[in-house]
Amino acid sequence: MADVICFGELMMRLTPPGYARFLQASSFELEWGGAEANVAVALAQLGISVDMVTAFPEGDLGQAAINALRSYGVGVGKILRREGRVGIYFHEKGASQRPSRVIYDRKGSSAALADPSEYDWEEILRGARRFHFTGITPAISSSAAQATEDALKTAKQLGVKVSCDLNFRKNLWDAETAGKTMSRLLRYTDVLACGLDDLAAMFGIKTDAPDRDNIPEGKYIRIGAELKERFGISTTVFSMRKSISSSENDYAVRLYDAETGEICDSAEYHITIVDRIGGGDAAAAGVIYGMLKGYSPQKTAEFAAACAAFKHSVEGDFTSASKAEIDALIESGGSGRVSR
Amino acid sequence: MADVICFGELMMRLTPPGYARFLQASSFELEWGGAEANVAVALAQLGISVDMVTAFPEGDLGQAAINALRSYGVGVGKILRREGRVGIYFHEKGASQRPSRVIYDRKGSSAALADPSEYDWEEILRGARRFHFTGITPAISSSAAQATEDALKTAKQLGVKVSCDLNFRKNLWDAETAGKTMSRLLRYTDVLACGLDDLAAMFGIKTDAPDRDNIPEGKYIRIGAELKERFGISTTVFSMRKSISSSENDYAVRLYDAETGEICDSAEYHITIVDRIGGGDAAAAGVIYGMLKGYSPQKTAEFAAACAAFKHSVEGDFTSASKAEIDALIESGGSGRVSR
Amino acid sequence: MADVICFGELMMRLTPPGYARFLQASSFELEWGGAEANVAVALAQLGISVDMVTAFPEGDLGQAAINALRSYGVGVGKILRREGRVGIYFHEKGASQRPSRVIYDRKGSSAALADPSEYDWEEILRGARRFHFTGITPAISSSAAQATEDALKTAKQLGVKVSCDLNFRKNLWDAETAGKTMSRLLRYTDVLACGLDDLAAMFGIKTDAPDRDNIPEGKYIRIGAELKERFGISTTVFSMRKSISSSENDYAVRLYDAETGEICDSAEYHITIVDRIGGGDAAAAGVIYGMLKGYSPQKTAEFAAACAAFKHSVEGDFTSASKAEIDALIESGGSGRVSR
Amino acid sequence: MADVICFGELMMRLTPPGYARFLQASSFELEWGGAEANVAVALAQLGISVDMVTAFPEGDLGQAAINALRSYGVGVGKILRREGRVGIYFHEKGASQRPSRVIYDRKGSSAALADPSEYDWEEILRGARRFHFTGITPAISSSAAQATEDALKTAKQLGVKVSCDLNFRKNLWDAETAGKTMSRLLRYTDVLACGLDDLAAMFGIKTDAPDRDNIPEGKYIRIGAELKERFGISTTVFSMRKSISSSENDYAVRLYDAETGEICDSAEYHITIVDRIGGGDAAAAGVIYGMLKGYSPQKTAEFAAACAAFKHSVEGDFTSASKAEIDALIESGGSGRVSR
Amino acid sequence: MADVICFGELMMRLTPPGYARFLQASSFELEWGGAEANVAVALAQLGISVDMVTAFPEGDLGQAAINALRSYGVGVGKILRREGRVGIYFHEKGASQRPSRVIYDRKGSSAALADPSEYDWEEILRGARRFHFTGITPAISSSAAQATEDALKTAKQLGVKVSCDLNFRKNLWDAETAGKTMSRLLRYTDVLACGLDDLAAMFGIKTDAPDRDNIPEGKYIRIGAELKERFGISTTVFSMRKSISSSENDYAVRLYDAETGEICDSAEYHITIVDRIGGGDAAAAGVIYGMLKGYSPQKTAEFAAACAAFKHSVEGDFTSASKAEIDALIESGGSGRVSR
Amino acid sequence: MADVICFGELMMRLTPPGYARFLQASSFELEWGGAEANVAVALAQLGISVDMVTAFPEGDLGQAAINALRSYGVGVGKILRREGRVGIYFHEKGASQRPSRVIYDRKGSSAALADPSEYDWEEILRGARRFHFTGITPAISSSAAQATEDALKTAKQLGVKVSCDLNFRKNLWDAETAGKTMSRLLRYTDVLACGLDDLAAMFGIKTDAPDRDNIPEGKYIRIGAELKERFGISTTVFSMRKSISSSENDYAVRLYDAETGEICDSAEYHITIVDRIGGGDAAAAGVIYGMLKGYSPQKTAEFAAACAAFKHSVEGDFTSASKAEIDALIESGGSGRVSR
């Protein structure tokens, strides 16, 4: 019986080695990734029991994905094996002035094809404390969107708290459909992680701030309040990322607590990037962790930011930070002395 | 203006390094392969001008495929760029008692989706001397089957000779559909490379020989004659492969010339296998080469067998044997002294 | 509740890449291996529920070992985390006239240091059907020998059948101590896998056959009978390996059934070796599988030999053959055609 | 018929992996590079038709170079195959306080040995719009210097515009010979890319500025004017590189237009370096591109600087930036968000 | 007859490739390292004759260590071969907010087990000018501590100058034992390299400065004076490292000369880190070099800092900077232009 | 003072990884090799003190070669550092029907350019027992030929025994020049290793046997006698290699002792080839070893053949067999059991 249930697609991630570009590749590093699975793995490393819900085809490629998850201690007993393929995403790591690129090749995946009726949400969610999904899950197919809605309804009935990372992916659906679907799903959501661009694109919630890198705190409060009002979101988590280049980012977490109407800001980290994919997912895992452990909003924001900063130093989508490592990072402020 | 036109799908081939199995992979070697492209590359290395006709999506993955082809000197000017994905095949190299495995992930490829009307066969084939396809091309989609038929009709009109490698792939279509479609297409075909199992499955042409590894020569003559009668095939090429294990094969080419009604057997090679994918394609290229150069059937069989044997020592689908290397192999019988 | 419990040490295996020798290494391939864990992994791939019992230190190296096991679906809930180190074995892959070499660096491992009292055998074995150990487990330390004896006594009480692979390792203990200890432990053992050299060294059971590669079948019957008499072994499994070179072996399994007093011989495989470590462990897993499934002795021998032959084609200690692959190998006789 | 003709030597580039030093290497990454070929590849990626003129020996090493070029879409039809060897340069990638190092091993290359009479410049240049060479080409041998002069004369006759990157290489010739030869060649040159150090060493054109990193703009105008006067250079392109360390550089392009007598400065990029070899060549390609497309001097400077900045993020001599990527970089200023 | 004798343990260093974490490793890079051997290698690259004194087991792993040393020109004629194992340290390279980690697996090494009587210090030290050890050597075992003391006494008798790097390793011994032992050993020591934390932990010598990153120079003078008084240290070398993150450090050397009572500060380097292990050892080598060559304290500090800064750009424990490279770095200030 | 002096060129060997062909290479494995250095390394591994005499340029490439030699314990104190380059040979490993290929790129090497006067043979050879060279050394340049003759004359004067491996390389010189030069040099030679083809090409010494693979023993006796008569060769060593394919060879050593006029044949090994370059050099080392140790001709032949067979299982030119390994191979006959 896992405390947290994550629902979404896990893809094969294929990256040319080092900084090689797609056109230079003579091999691909194989990793596994997906916004929800990344959260599951992060939580499992922190010591939380977590189950991944998704679908894979029979055969060794689906099995390899499952082996990757269970290697990290994520529960795989509720994963469907069914027709379809394993979704793939090709990833080219950026550097300096060259952005990272992602080419999705996920059409026709088992997760996209799975019928809502194949998931028995009562049995999946019974006993769980948290359900996590992202805006990618309903985007991969209409049946996946329906399955998500089914899951959310059951979660609500069973008293399972829901978190969502908004994650608008314009290659998967258009802003209008996304906005309509997500508006429906967010009504069941307690905690929302999001960026300003996605809120603007999906829901028309804008800051009207002229300088994108210098938005006054009050704007964030107003947005948090609006999300509370429109969807009932009790906690909104903003990733405060300043992208200096593909090699350097500044990062902090800002958390809006609708109960108090207040903003909590974490420390800001200046990050030399090893792999930025999954940074936001690590932050989401940090928020879920903080909430499971009853952390204050401020402590939750600090914990989430440290999870995210740490993730940027780890290759692949999956992070592997332990609780002790995150605590040490918060304490040290990230000065990076050798531990021996 | 190329002498040879090859038509079919070129896929990304992903192989775990060395003898690693799919479940052990933490990376994939990237190569490109496809029965028809393999023939095109083989011919280009032999000094023949050849154009590949296929379809890829816009973007770097399709571009990488094109770069691979033109690196080997294959003409890419007639390749379509259109919607769809790049087909993939996952390949696990076998050894000893463990067979090689192929997992196709090619549904929805640009080559499968391309509409027959997108190919201008008159303009593609004008000036060519040979057109080559395999039984895989019509299997990937009905529109690809239609495009193949269009190509064949145009070839006939323009007096372009046609060769085909039967290559029945049971994962792509069933034997009945395959038999029906191929029966139609073989009527335009002059040279057919095939194996006994595929002839039996697709056309019900059987040898009724009790011992699979010891079929009398007469049976082959009878089959060649029947193919001549039913489809007008003037030359039938049999791959005489004895699979001792995944690491060792015996291989020879047997060629039936419908004009004389006679069989020509090449020397037999005892092969220590580096990579057996594409062995048959190399043989097909050898046959086409022999015919373009006016070789006797016997010399053609020898040349084709040497091309195939050599290919087994080369990693990837593509062979890279030069004319001089094939001639040297025929002369030496493959004793493998260091050349320095 | 697992059907099979395996008990022994799992080591980090460090191998220079390819055929590089220790003196040439600038890196090591990391794999995990140990005779009992190899059996556990083999059984899990065949679909059997299995738990590994061993001990690792806290920290990432022990965790990496656990992750490797659970990746393959082996139960890790009963593994101790305690003081000590992770045992290591350095492995240099042989070829042709150069033998493979193993350098043990396993002194002071958590598994060797663990006190017998740390294992709660009643709770570990309750509900299991089979317990498996090898002659390496008691060799690593006297406390490990005691723990093995405790386990065997509990197994007997609970009616859990016991299998053992004799595996004499002269670097870990001398023949006399080994013989004395194993004599005690074999009294609880139902199924024994062994080689003639080890029987001679440990128990003085000799064939007196002048030609090592041509020992009459009767000698094996006599040995099996003696093992029945001295230790109560009901099934003796002989690995019939002819080592032609480090690159080529012939291999078969000979099984003596004490009930009928008869010998069953599997087919013999001519093996081109990818990695021969773990071949015998795969055979042991095949025997356990056959017994769990109620196979006849003959079918069990065939299955075990196919498991062992297949393993020789897989890099690392761990095999990954599925039930379907073993069945296909038995049926085909190992001719190694590409499966696509 | 290509729009641009590049003339020079293409070398095999051998680099220890990652940051390994020569003394640590147990393998070399193989890439291909040379100042003029780098320009050719960069232009081909931008969609310009371009032919490389150089010479290679027969055999697979020369063929590999050709395959690399045609992989990137560069025309190879005018490349000589002749006696000699393939030039090599060994490259050790620097980091932080350790500079990158280059060891030339290019003596006796086919390109150095080729007789001027082997190039038929009329036929090579007919129909071209631009000819590009660098100060390295005439430095590799006196016959290469003569061939360059022949090419330039023919270009002048045919009205082909000429660009040159000054690139003084003190390991290939001394400053005096270089100055004398280049003075002759620059009379045929329209566009010159150069650095202040090289101008001082080769032609005695000095800025007399006390602080090397803070040279007043007026000095550049004076130099541009002098180059116009002495050689007739109509556009001078300065690479404004501040080398903070081997890992970090600031980079901008300054362009002097002799027609207006004015300076145009591009944006300055703060670069985290992946591979700085070929940065200047990418800038040269950007300038040629801008001129072919009729860009204003300012837009040309921006485009060239973005090409150069982007190149620093790509491994190898060759860049692979598309037009769209350069445009996006100019627009974004290089903030490096993930594109998905 | 070597000028410098280094005494300590050399370990096998195993690092996951790139930035992979222990839990992600499927291979390890093999390097060799140890504080004293690092100094020996650094000195040999600078052209100093140096002998390493340590102990290894018979067999290929010990031989590989010896081969590594003699590859770099370090004398190996005085190395013991005896029972025990090769010490190992596992190393995970940090980045950004994630610290590097070291897991020692060195118990039971030949160096730890060697009896003091096995070293014949008279014969080892005769003719040498310098003896170097670190605080790690006596920490690995009490017999190693005794051997160190024997060596120091002999050095004193023979007039060999002694240098020591304090290097407190809390995983090997506690502060109290360390303090007691080192107090004894430092009485024979002329030059001491140390950090403030270690002085505080081992000897209770504290700065009482509130801001760790801003300690007044006077404090250092007071510490140097106290070390002179308590132990007779004539030169104290402080590594002035500011750890901004695991990817970036500022580094300088501060040298206290007890004769003049003055402090010399080197230039400060802003370092982008490739591998920071061995940075301090390179500084120690620089100090020894300066003293052997009769450099002034200021020049010695500059040289040592440049050695340390350079080392951070080199993978592995061993540096490979030549005298010319260090001089060039001091002259250029580390701007990192390509040298070609 | 070394017992054996080897004289010749050591080259950088660049091989595409695995079985990749030159046209597929994106990297090269770096090894070092040369017929005489291979002998030196082989002898050093067997425990013989040996010095290599050759010439390298200053700089890191020459240094890397020296480091490789001293890593293996070969004396490097007599190696010249002088103008020129490091010779290179590109190596493509063959398999099955595809032969291995070598492309020499060694013109202008320091070893070829070195003036005979640069070698002080009196000082190099004083105290040595054996001098070894091959037919490659005089082939690389006329000054190298002269230096060889100088060395031989001095060896004769000092009573140093001389061995030579005939090694005719048709890419370096023509048969006539080779024959003339070698005729002169063999007069100083005691032991000659050679193949029949080279004897025929260089000296017109032919067997006139119709079947190359079945030459009667008497022919060898006649050749040995003729070599004795013409050049005074007291021992002739024939490599009896049957090349079945690039993957499999049969190998034995036949030794003709001119004193007794008798032939000694070693056991024949059936070899699965990992790397056949250097096999003959290992045999030569085995012969020299046997002679230094006073082995009988029969025992010498056995030892040499085992050295050669073992070498075929080792990657690179250099072998690393210890005396114990060769003895074990002779005893076991090469059955290749795992040693643990």
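For reference, chains read A, B, C, D, E and F in written order, and residue numbers begin at 1 within each chain.
The rule is short, and it goes like this: a contact is a pair of C-beta atoms (placed from the backbone, for glycine too) under 8 Å apart; a residue touches a chain by one contact, two chains touch by 3 or more.
Here the structure is a predicted model, which means the values were calculated and not measured.
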Count of contact steps on the shortest path from chain C to chain D: 2
Of all other chains, the one whose Cα centre sits farthest from chain C: D
From the options B-F, A-C or B-D, the pair that copies B-C, where over half of the contact pairs coincide: B-F
Type of chain A:chain E copy interface by residue overlap (half), same or different: different
Most distant chain from chain B by Cα centroid: E
Chain A and chain D: spacing of chain centres that average the CA atoms, whole Å: 44
Two or more partner chains touched - positions in chain F: 18, 21, 23, 26, 67
Touch-based graph of the chains, sorted into line, ring, star, complete or other: other
Which pairs of chains touch, using the document's own definition: A-B, A-C, A-D, A-E, B-C, B-D, B-F, C-E, C-F, D-E, D-F, E-F
Residues of chain B defined as touching chain D within the complex: 67-68, 70-73
Chain C to chain F touching residues, read off their complex: 18-21, 23-24, 94-102, 104, 169, 171, 243-248, 276-277
Residues on chain D engaged by chain F in the complex (per definition of touch): 14, 17, 21-23, 25-30, 59-61, 63-64, 67, 85-86, 88, 90, 92, 103, 105, 107-108
Sites on chain D touched by chain A in the complex: 18, 269-274, 306, 309-310, 312-316, 320, 325, 328-329, 332, 334-340
